[in-house]
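Written out below as structure tokens is the structure these notes cover.
Note that the chains take the letters A, B, C and D in the order they are written out, and that residue 1 is the start of every chain.
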Amino acid sequence: MDYILDVQDIHTFIGQYHILQGVSVRVPRGSITALLGRNGAGKTTTLKSILGLTPPRQGKIMFEGNEIQGMLSFNIASLGIGFVPENRSIFRDLSVEENLKIAERKKGDYAGKKGFIFTLFPDLKRLINLSGINLSGGQQQMLAIARALVADNCLLLIDEPSEGLAPVLIEQLMKAIQQLSAYSTVVLVEQNFLVASQLAEYYVIIEEGRSVKEGKMKDLTNDKATIQHYLGAA
Amino acid sequence: MANHKPFFALKPDRGMLIALLVFILLPFVIGLFDGASPAQVWMNGSGQSKFIQGLAIEIFILALYALSYDLIFGFTGLLSFGHSMFFAVGAYLTGILLKNFGFSLAATFGMIFVASILQALLFGMVLPRVKGITFALVTLGMASVFHVLVLSTELGKFTGSDVGLQGVVVPDFISPATERLRLYFITLTILVVVFMLYKRFVNSTTGRVCTAIRENEGRALMLGYNTFYFKLAALMLSSLTAALAGMMHSIYQPIVSPNVAGLGFTVTALLIILIGGVGTLNGAIIGAVAYRLLDYGLRRYIGESASFINGAVYVLIVLFLPFGIVGTWRMKSLQINQGWKRLLGMFTNSQDKSDGA
Amino acid sequence: MKLSAYFRKNLTLIIVLAVLSGLFIAAANGMESKDFVITLLRGLSVGSLTFLVASGFSLIFGLLDVLNLAHGTLFMIGAYIGWTVYVRPDTLVDLLTPLALLLSGFMLGDVWIALSNRILFGKRLKRILPWVGIFISALILFSVLKQYPIAIWKVANYAQSPVSISYLASQGQNILMPPVDMAGFSPLLGFAGLIAGSLLLAFCLAVMKAGKQAATICITWRNFSGFVVLLLAGILFFVFNNALTDFLANLNSNWLFLVAVLVAVASGIGLGALMETTLIRPLYIRPIYQLMLTLGLSAIGIEVVRAIWGRPEFTMPRPELFAGTGEGCPATSLADWWQYHCSTMLVMDGRIRVFNEILIPVIGIIVLVAVWMLLQRSRLGMVIRAGVQDREMVEALGINVRRVFTLVFALGVGLAALGGVLAAPSIGLSNLMGESFLLNALIALAIGGLTSYPGAALGSLLVGLLQQFIIKYGQIGIPIPFMDVIFKPSPPIVPASTILLMVIILLILPNGLLGKKE
Amino acid sequence: MDSEIIFETINLCKEFGGLVAVDNVNIKVRKNTFHAIIGPNGAGKTTFFNLLSGNIEPTSGKVIYKGRDITHQPVYRTIHFGVGRSFQISNIFPNLTVFENVRLASQALGADNFKFWRSASAFKQYEERTWVVLKRVGLQERANVFARMLPHGDQRKLELGMILAPDPEVLLLDEPTAGMASEQVPELIALIQEIQKAGDKTVMLVEHNMNVVMSVSDQITVMHQGAVLAEGTPAQIAANKDVQTAYLGGLYHLNL
């Protein structure tokens, strides 16, 4: 199969803690892949390691066939990886438009993607001149995803998009993610198994810093025992 | 309740005891090099010993001053840029009271006690309002106003404005000229007593709360501590110590230069505890020794560009020895011990190994 | 409704501003109108210089969280460099060649990285080797530069100190520039040494950093272009040394002044970039140590200046455009001034100096607007504002934050150097000018709000005005009501008054006038 | 359910620069109950807790504790009244040992805070209390570890220990299980329940985990955009239409 991202047995330390102790993730091109696992299992760290924000000490990360581990994170990002962090990290003092514009990697990115972004998130058009601090949680999440779409990213890393959102908003967001997966590959970290199972095509389960199981989401939803064992609830 | 420890039951600190012993013997040993027997030194004979005694007294005074800064910066986490004012008030007040008003030493000390409490209250007044770097700036401001007062011509009669306060009348029994050895031991005693007091303070309930304030003031508040009073207590103790150091300073060299009120002198304290290790009381003393000797050596052998080298040392310490001498020592002592063992092992076992090979 | 809410929220600020303007009006009532205008303009002038220091300081503090206490020293270095270029352009020309050659090695950045990745050193070797290399290259550079002919002022060589050179220049006398002594220097050997040293140094630094950037780098001829250009430039400067010196020496002093300003700002930017990349960057995780580092650097800077230019105070002659004294002077209008190039001008019967009281405030306002536009309108400004809030996210968007940091630091130092070179003709050069302006700038920032850019401007203005008004009242005295005493503030009161203002404002508004509440 | 009211807010409001974080909240908390507050992120739950514990002052309204107006009391007073509060993000002294963290907490209410001439270890009563608390939260084996070295779950336990040490009557727990491995969650919740039952304590809890909230609470308040959306027993809340559309949605049922 054609893998756009191939993470091979990475080990990451934060301070002196050995957070990732051998995580391997393969992401087929054009799919949505969900990283599942309990809180603190190392899902977020995996995303950050891919992006070089917490560089792995060992292991290999291949993106589009090139090794990217050890590169500085802005270099990695500019290869075409968009990141939507867990806390959204909206720039509070910048307006919504500036929040989008700052993600440009070449001139005209924003102008070109404007239409697509506003059809995906019509709310943002209305808020365009508001500064980030005045957005609600859901609006921030939309903006964070929109920001990752401005540049030509063929891979999106989305961390906990549903966290802390009202279910109504989650459904809206799920639709948006489904739509945009037609344009780029998505890696999704998700606590809410329901959301993940409806969105993702493939899954990887991470447990205590190790990737323990991977496969097709279809198989997992029928495998109640695995769900119970690794994810606790279903 | 049976396990009350008496006041002086401190954890024995081997290094500090050795240092104390060295300082007690120092004047006599140096005297021997000069050909003066200990008895002569005891009788205050002149020579090398006297000069070294003077240098040591300066070190003790600097150590006192640095200790006081370590208490508020290293332990309580208050970055003050006006610390030199604490010292300068002590120095000037001693000089003026002894010279212009003919106070006795005890009365002078009483006045200094009152003055240092007052200035700690003055600094404390702004504590609830400003934090962090703003506190540093406000304290710098207050110290600068004091500096200007000292320099102003209107008060020149007392302070000697920019020439400095000169000709402090020192009581005979501790005159630095005739009774230097006595002054040496008095200063040393003060340093030892203050050091032990500080050690106890840091380990007391109050001191622990001060450390907690440094770590996370918001949480200390949530635990139910009115942190203001604890910071004030640390400021008072610190102010008193610094003023005492200032008093000894103006007794030892009966002139007071207005420089001791400037920002530069606060930076000196910072530099000393940085060399020694921030937040380690021993570091203040070791730093004072290193700083004074370095400064003396550089001025003597290099002269003009001494402050260039001083600055360079500063930068190098920041870059390569960020925890100071004591801090680095504590971190590395385990490794150093292992290294020693391995080294000794190499000598003792080298025979066996070469045989084996 | 919204307006009233705004008033309620900023009540303290409004009251403070009202009190300040009330004091200002009271001050205006106490003196004649010509004195008032002059004092106002002087305040503006000092305020503008303070602002140039404060703005850079606040930019750096806002984005990088570095309190750069060496900022004042950099301001002073800018002044001294500007003076040197202006009064002794031969030194500048002499320095161009070694500078170009020294930098040439670093233009090969990517090549070194690729090379150091290809050569695999052992772990221990990789640690020791760079230091050895740096030591060797330092030795080479030192021995070459020692022999390299550069015209500097050694009292023994020229029998002229900066003070007398300055004096002669201000009298309009041609400065004698003896040709540099070339004996004992072989250009070929010197060049080879400089280039070799530079290459070695750049390579060693690359090895030290190697491994952090494992991306495949394809090397094309482009990577070498910078190196070749600098190499050629260095040689050209050497060949045309005398011609260039003559050209600069005979240049109209206005243009020469412009060159001096540009060189000073450029060297400020260069110094800033160098400082950030080598010394500040490793310490981002230890903020308090950064403070100490910059403090140490400032002491070193002052000593370096003393070693090169000596301790005495001297001034930089004003360019011809602002130096006229003869016919038609003092000018009565700007047109007059343009015609006769007067150094002074009559405003409301009071004499003001055109350079100090008109040019400097104008430049101050231009810089204020320019940097404000940069922050609000440009992409760089956007990145800076975003970086202040969340560095990691900016990096995750694919933006090289380190480079932005370096840029901002360099820009800040450049602004300080600009302030320095402008201050040189107006208030003169001394070893202590940096410290006093840094203190001024710190006070201004504390008053205005530490990270607020408009706050830096407002604070600087207040500091400048207050100081000048106190100085003026020191001359004319303040009649104290209900008493027959006239109070004359003595000189030390000047700094004390601004500090007092700072303390009062900080106690009322702990974040300064325009600072953000946490 | 008819025990006396221990905590009460009257028309409590808080604005942050035009943004209404807490909007006219009236809540009555009864003694010895387990009172949960739920709601989506940004609903103002943490701000509401901050108002209760005195960390921030309300724009308007009152906080009444045991019939006494404590609205404008400084934050260090609340613990003296008997209100302990934990934080969503572990709020501890990172460079002190676990023991020292708890010891400082147990010393806070004593009268020995300014006896700087005596070593802290001379006050045995605080040390004993510290050991009791450490044993309770299961950290006695890690007493001499620096707090920053603890894994996340243990830091949460330490946080709990720090508010238990002075033995408060009311515990305000802001997401005590945040970031914990899910197998540790039931253990911690059981611990909290046990403490509440054994010590006649009132617990107020902000929590996202619906399973936990539904199983342990006596009373639930749902907050939405700063205001109270609904209040009642778990069964009432689960049946409430408003709550379902605004917060629980269809997903909640699937989740169970």
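FYI, a residue touches a chain if its C-beta (ideal position, glycine included) is under 8 Å from a C-beta of that chain, and two chains touch if they have at least 3 such contacts.
Note that the coordinates shown come from a computational prediction; the quantities given were computed from them, not determined experimentally.
Colleague: Using CA atom means as chain centres, which chain is nearest the centre of all the protein shown?
Modeller: Taking the mean of all protein C-alpha atoms as reference, the closest chain is C.
Colleague: If every chain is reduced to the average of its C-alpha atoms, which one ends up farthest from subunit A?
Modeller: B
Colleague: Averaged over CA atoms, how far is the centre of subunit B from the centre of subunit C? Could you give it in whole Å?
Modeller: Computed from C-alpha means, the inter-chain centre distance equals 36 Å.
Colleague: For subunit A and subunit C, what's the span in angstrom between their mean Cα positions?
Modeller: That pair's centroid distance is 44 Å.
Colleague: Between subunit A and subunit D, what is the gap in Å from one C-alpha centre to the other?
Modeller: 32
Colleague: Subunit D: which residues touch two or more other chains?
Modeller: Within subunit D, residues 17-18 contact more than one other chain.
Colleague: Can you check the complex and tell me which residues of subunit A touch subunit C?
Modeller: Touch residues, subunit A against subunit C: 51, 53, 66-75, 77-78, 83, 85, 89, 91-94, 98, 101-105, 147, 151.
Colleague: For a test of understanding, state which residues of subunit D touch subunit B in their complex under the given definition.
Modeller: Its residues touching subunit B are 53, 55, 74-80, 85, 91-96, 100, 103-105, 107-109, 112-124, 162, 166.
Colleague: Hey, which residues of subunit B end up touching subunit D in the complex?
Modeller: Checking each residue of subunit B against subunit D gives 1, 3-5, 7, 200-201, 203-209, 211-212, 215-216, 218-227, 229-230, 233, 237.
Colleague: Which residues of subunit B touch subunit C in their complex?
Modeller: Interface residues on the subunit B side: 79, 126, 129-131, 133-134, 137-138, 140-142, 144-145, 148, 151-154, 267, 270-271, 274, 305, 307-308, 310-312, 314-315, 318-319, 322.
Colleague: Would you pull the subunit C residues touching subunit B in the complex into a rising list?
Modeller: Subunit C residues touching subunit B: 67, 279, 282-283, 286, 288-289, 292-293, 295-300, 302-304, 307, 442-443, 446, 450, 490, 492-493, 495-496, 499-500, 502-503, 506-507, 510-511.
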